[in-house]
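My questions will all concern the structure given below.
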Amino acid sequence: MLVFEIVFTGLLMGIFYALMALGLTLIFGILKIVNFAHGELFMLGAYAYAVLVLRAGMAAVPALLSAVLLGALAGVVVERLLLRPLYTGQVGAGPLRDEYAIIVTFGLSLFLINLVHQLMGPYPLKGPDLTATSRIEVFGMFVSPHRLLASALGALTLGAVIWIIRGTVWGKRVQAVAQNRFGAAIVGIDHTRVSTLVLAMSGGIVALSGALLAPLFHAYPDVGAFPAVKSFVVVVLGGMGSIAGSIVGGLLLGVLENFGAIYLSYEYRDTFGFVILMLVLLLRPHGLFGERTREV
Amino acid sequence: MITRRWLMMVGLGLWVGSAVTVDAQETIKIGAPIAMSPPGSVAQGKEVRDGLTIAQEMLNKGGGVLGKKIEILYEDHQGIPEKGRAAVEKLITRDKVVAITGEHASSVTLADIDVAHRYNIPLVNTNAWSDAVRLKGYPQVFNRSNYNTRVAEAMADVIARMKVKNVVAFAENTDYGTGQAEAMKKALAKVAPDVKFTSRVLDRAAKDFTPAVLPLKADRPDMIVTIMIPPASYVLMNQLYENGIAPSKQTWLYDGAGVADYPEFWDNVKDAGVGLVSFGLYHPKVALTKLGKDVREAYMAKEKREPNRLIFQAADSLFLLADAMTRARSTEADAVIKALRDTRFEGVLGVITFDKEPGIYFQQWKNIPFVTYQLTAKGQQLPDTLLVQGPGIELAVDKLMRPAR
Amino acid sequence: MRRLALSPTDFVLSFGVLIGLGLAPLGVRSEYWLGILITAVYFAMLAVSWNLLAGIAGLFSMAPAAFAMVGAYTTGLLHHHGGFGPLVGIPAAVVVSALIGFALGRVTLRLRGAYLALTTLAFAEILRLVIANSIEITRGDLGLSVSGILGGAKIPTLYLFLGVLVAYQLVLVWLLRTRAGLYFRAIRDDELGAMGRGVDVVRYKTLAFTVSSAGCGLAGALFVHFLQLASPEMGLILQTGLVISMVVIGGMGTATGPLVGAVLVEVTSEALRAVGVRHMLVFALVVILIGRFFRDGLVGLVARLARGPLPAAAPPAALEEGAARR
Amino acid sequence: MSRLDLLEIRELRKSFGGIVAVDQLGLVVGAGELVGLIGPNGSGKTTLLNVITGYYPPEHGTVQLHGREIGGRSPHQIFRAGIVRMFQHVKIFRRLTASENLEVAGRAAGLPAGSSRQRAASLLDRLGLASHTHDEVGGLSGGQQKLVEFGSCFMSEPKLVVLDEPFAAIHPTVKQTMVDVIVERHTAGQAFLVVSHDIPAIMRLCPRTVCMNAGTVIADGPTEAVMADHAVVEAYLGGHVAR
């Protein structure tokens, strides 16, 4: 019974880990960089939803959609202003490129946190639940209907994104670029448009996660730190750039954390993820699902 | 090229443009290190600030103190000891404040008073409950604040009278939280040794306490005590409710942090708050002094709502300093400290004096009044809550109502 | 064109900055601003250490603040549980953080770029969370109070800090002028290539990690005796962000940049606070602009302006094209 | 003169997951020899070089230098043992000056700072890069960068220089400079192993050629003979058909 609930609640959270990691892994797939400002797009989503509903009196669903749009827009802007040099060769190759990517995305993360802090103040804004009642009973146990609904929406989005990647022309292009940039370029795939699309998707889904979790984690300037770190863990766990990996990794982490917190140590629960991350990086640097690439 | 040169201008301009500072005229400067941003309790910070402002306006309207207007300088410590230490250092060395007040977070206060002690600046503690603050025995520090032992004993008394057997306490990872959990353990051992009391420390920065509350589903306690400050306490209460643990038919929810009267309480907890039993330091049904009435009036006029205990504590803190300075006819540290020591001042809730015996009562308002009440309906405001104990009101646990399920 | 980074001019300039700091107390009387300067020197030590690792050896670590925290807690715990003073605590802090740095350097050998950044970030967070949650030993978030030094007198403290920084900088300059300096930069630019040219990459990466961590530990231990309070806050990623900003703004990979960056950022943040602007907001923006356009930071920028016509400058060709294309 | 063996490879095998890149490979390079190594794409040439220079450990078989086993040693140890390599895709230190690029190899080979600086200067001069001695190589043209890497091969008096596609996509004059230096060094007794698709260049340069296909040596001998070899032609045609 208890075990079932642990797994269940673990999965509810895991879906979001998967969603956020997916956004990160898509970017890594085509640009081979880690977006250290990922969590801040989550933060923007959370604020967009909370502010639009609480301050502008907008209904929940349009507010969610606007959050997604904002996230997507932010993603596009980031791509235009900061990430484009990565594939127009303006920042050189190898180490120079890595360094550039880390500096600008990490700088962006610091910037967004402090910008929002300056504009909105530090006050945690609790996004309103999607549901009026704050708990319901399913198979003899109480759960927050908002959590259920949010996770359901998360799962749907997860499916939608996978469909886009696997099923549509644009998805095929994304995969092509991810597998072989030059090959893709030769067959006439426009890297710029693919990157823009991916950044938009990534921003959109992470912002949606932020919006859906706003009632649980609230919206405040550095709320993004926690989901960012979790998605780092998941992405590394699942293998950078691997979609299947990020989903399995996400669900896995959600459940593992729950078990760890309850049976190992509640106090140290947040370290489990990091320990896993370090172990995976050290023992299998390319993750559980990632494939290694030839270096020389 | 143009762009780059332009960007350089901006880049360098940023520094030039920012070397501005302002200067004020002759006032009595008092420093208030409070939390204006997370992880500190911003809610508390704001209440304290409002309370200080009310008192400041009242004092200045009456011609100020020693003929000078009172100026309060606020510094944000984010509820972080390190930042608090820096803030007080700054207030004393840069702004040359003559006194410090407004403290509302024990961990930070413990760092703050070290600095006040080092520079010998009087400090009136507004709301830092940890006994450790008193145990340091600094002559500069005076406590208008409530203290953990007081709460612990009061709550232990209630728990004993409610005849619950199995109590689980969730305490935040601060001096306040861990300290009160300890004190409660001691107090219970005295008045109700047969009660099984277990406490668990929670990280106030955490947002999802589900893993901490899930195990309670396996064996349900008779009562859950929360020793946490918002926003963490709100999150915990919600998740206790969502998971059907408390408040419930089997399990009481008893708040030891006195958060039920915060203005944003209901926006954050909704159904989870119905049935909550709360320790408090003020209830509108409790008689106010003349000063108290004035403060209440001023606050109501401004905020259009009942003041809560933090407003009163903060106001008192400033009045105490003003009173001491007036009696000392100076703002010079030693004189003010001496004056504070023999304080006999009618504050908002009664006459305040500071105990001299070393230990947890050192320079503490020992008999600070407290109340116990229950929230019986969603969105219920303080005046309508069910008061079961207070100054002159004998504790009546049988009045408390149990949630339906 | 001649490069400024780590050229003799660069080294001389760096000591010029230190001398400038040494003269500051002549102008600055306010206790408060002296405190700011002391803090600036603390950050300068971290910046210099991180620059050795990331700017020169190309190992983009996210753990400098964490190592400062390790140093702070080493001396803090020795004082709290053993009653030892700074004279025991600070050297111990250097040793402990050096050892941990050595270990981290060893285990992360195979990692580069984003992977290394993520691992060190994870490592830093583990350290912080463990310290913050081991309440019985470390008092967690509450922090440990630590004995003061020099009776809390500001000017002597400032000179003590400066003395340590100067000594540290001398050691680094010496190190960088040996072949180690050459190898570090070779590893930064192309690790596999460096191996192929006979560089014992394992050895020099570990060396960079160890020295840098020891430096951070030293800084943290010194600073905590000034603060008289050790708290997990010292290890926050945001603190690391501040250090990174300082180095990037000053000029990554140069000897002068980190010092200039640290002082400029720390002093300016106070000025900005006075006009009610969040300092990190401005710095983050500057970091992005510099990362995007100038790359070699203010020092490089000034050097370039001094050198006159821009097109002649900008070391890496790719960068120059990039900027010119706009 | 006695033809003592410098590099001797026996029964070498290296595979990635399921794919066998090099198998049952045997190869001997004598001191002072100038050997060409050809073979269609994917025939395992670069993998072989990666094993020789220590980037991959051999799975099976031996790699000996002067009779001392070097298989599985790390690249820097193998460099010090006397094998230096020029990579297919230029590997240089972009933010180091041309001189510093060469000095890295010099210092690693144990030269003191002064003499390695002099040596670098004279090499750069020989390669026509004197004017760029103190420029960061990241700013140099592709050809110049290739020359810098090429030059850094001769900082340490190596026993064997391994060149992977040195002539790919470079200006004829740059190529000529390299060819000249190779010839000079060879006549001075320096051994080379040159991997190239540039068959004419190999024919002009190398007295002896080895041809690989499907991970093993299919022909080894005087260059003309190898070029005429039926199997070799087959391999190349086959190779082309395959893609």
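Note that the chains take the letters A, B, C and D in the order they are written out, and that residue 1 is the start of every chain.
Just so it is clear, contacts are C-beta pairs under 8 Å (C-beta built on N, C-alpha and C of every residue); 3 or more make two chains touch, one makes a residue touch a chain.
Note that the coordinates shown come from a computational prediction; the quantities given were computed from them, not determined experimentally.
Asks: Looking at every pair of chains, which has the largest contact count?
Replies: Result of the pairwise contact count: A-C comes out on top.
Asks: Measure off the straight-line distance from the CA centroid of subunit A to the CA centroid of subunit C, and report it in whole Å.
Replies: 30
Asks: Based only on mean CA positions, could you tell me how far subunit C sits from subunit D in angstrom?
Replies: 41
Asks: When the C-alpha atoms of subunit A and subunit B are each averaged to a single point, how far apart are the two points in Å?
Replies: Chain centroid spacing, subunit A to subunit B, equals 37 Å.
Asks: At what distance in angstrom does the C-alpha mean of subunit D lie from that of subunit B?
Replies: 74
Asks: Do you know which subunit D residues sit against two or more other chains?
Replies: 55, 87, 91, 94-95, 138
Asks: Identify all positions of subunit C at which a residue touches two or more other chains, and write them in rising order.
Replies: In subunit C, the residues touching two or more other chains are 133, 188-190, 192, 277, 316, 318, 323.
Asks: Check each residue of subunit B and list the ones that touch at least two other chains.
Replies: 201, 203
Asks: Which category does the touching pattern between chains fall into here: line, ring, star, complete, or other?
Replies: Drawn as a graph, the chains match no named shape, so other.
Asks: Quick one: which bits of subunit C touch subunit B in the complex? Just the residue numbers, please.
Replies: On the subunit C side, the touching residues are 30-33, 35, 132-133, 135, 140-143, 145, 152, 227-229, 231, 233-234, 264, 268, 271-272, 274-275, 277, 282, 286, 289-290, 293-294, 298, 301, 305, 310-311, 323-324, 326.
Asks: Which residues of subunit B touch subunit C in their complex?
Replies: Answer in residue numbers: 1, 3-5, 7-8, 10-11, 14-15, 18-22, 80-83, 85-86, 89-90, 93-94, 107, 110-111, 114, 118, 173-175, 178, 201, 203-204.
Asks: Where on subunit C does subunit A make contact in their complex?
Replies: 54, 58, 60, 107-108, 110-115, 117-119, 121-123, 125-126, 129-130, 133, 188-190, 192, 237-238, 241, 244-245, 248, 252, 277-278, 280-281, 283-285, 287-288, 291-292, 295, 316, 318-319, 321-323, 325
Asks: Note which residues of subunit A are touching subunit B in the complex, please.
Replies: So the residues of subunit A in touch with subunit B come to 2, 5-6, 9, 13, 117, 121-124, 126, 133-135, 137, 141-144, 147, 216-218, 220, 222-223, 226, 257-258, 261-262, 266-267, 269.
Asks: Give the list of subunit B residues in touch with subunit A in this complex.
Replies: For subunit B paired with subunit A, touching residues are 36-38, 42, 78, 200-203, 207-208, 210-212, 214-215, 217-218, 231, 234-235, 238, 241-244, 267-268, 270-272.
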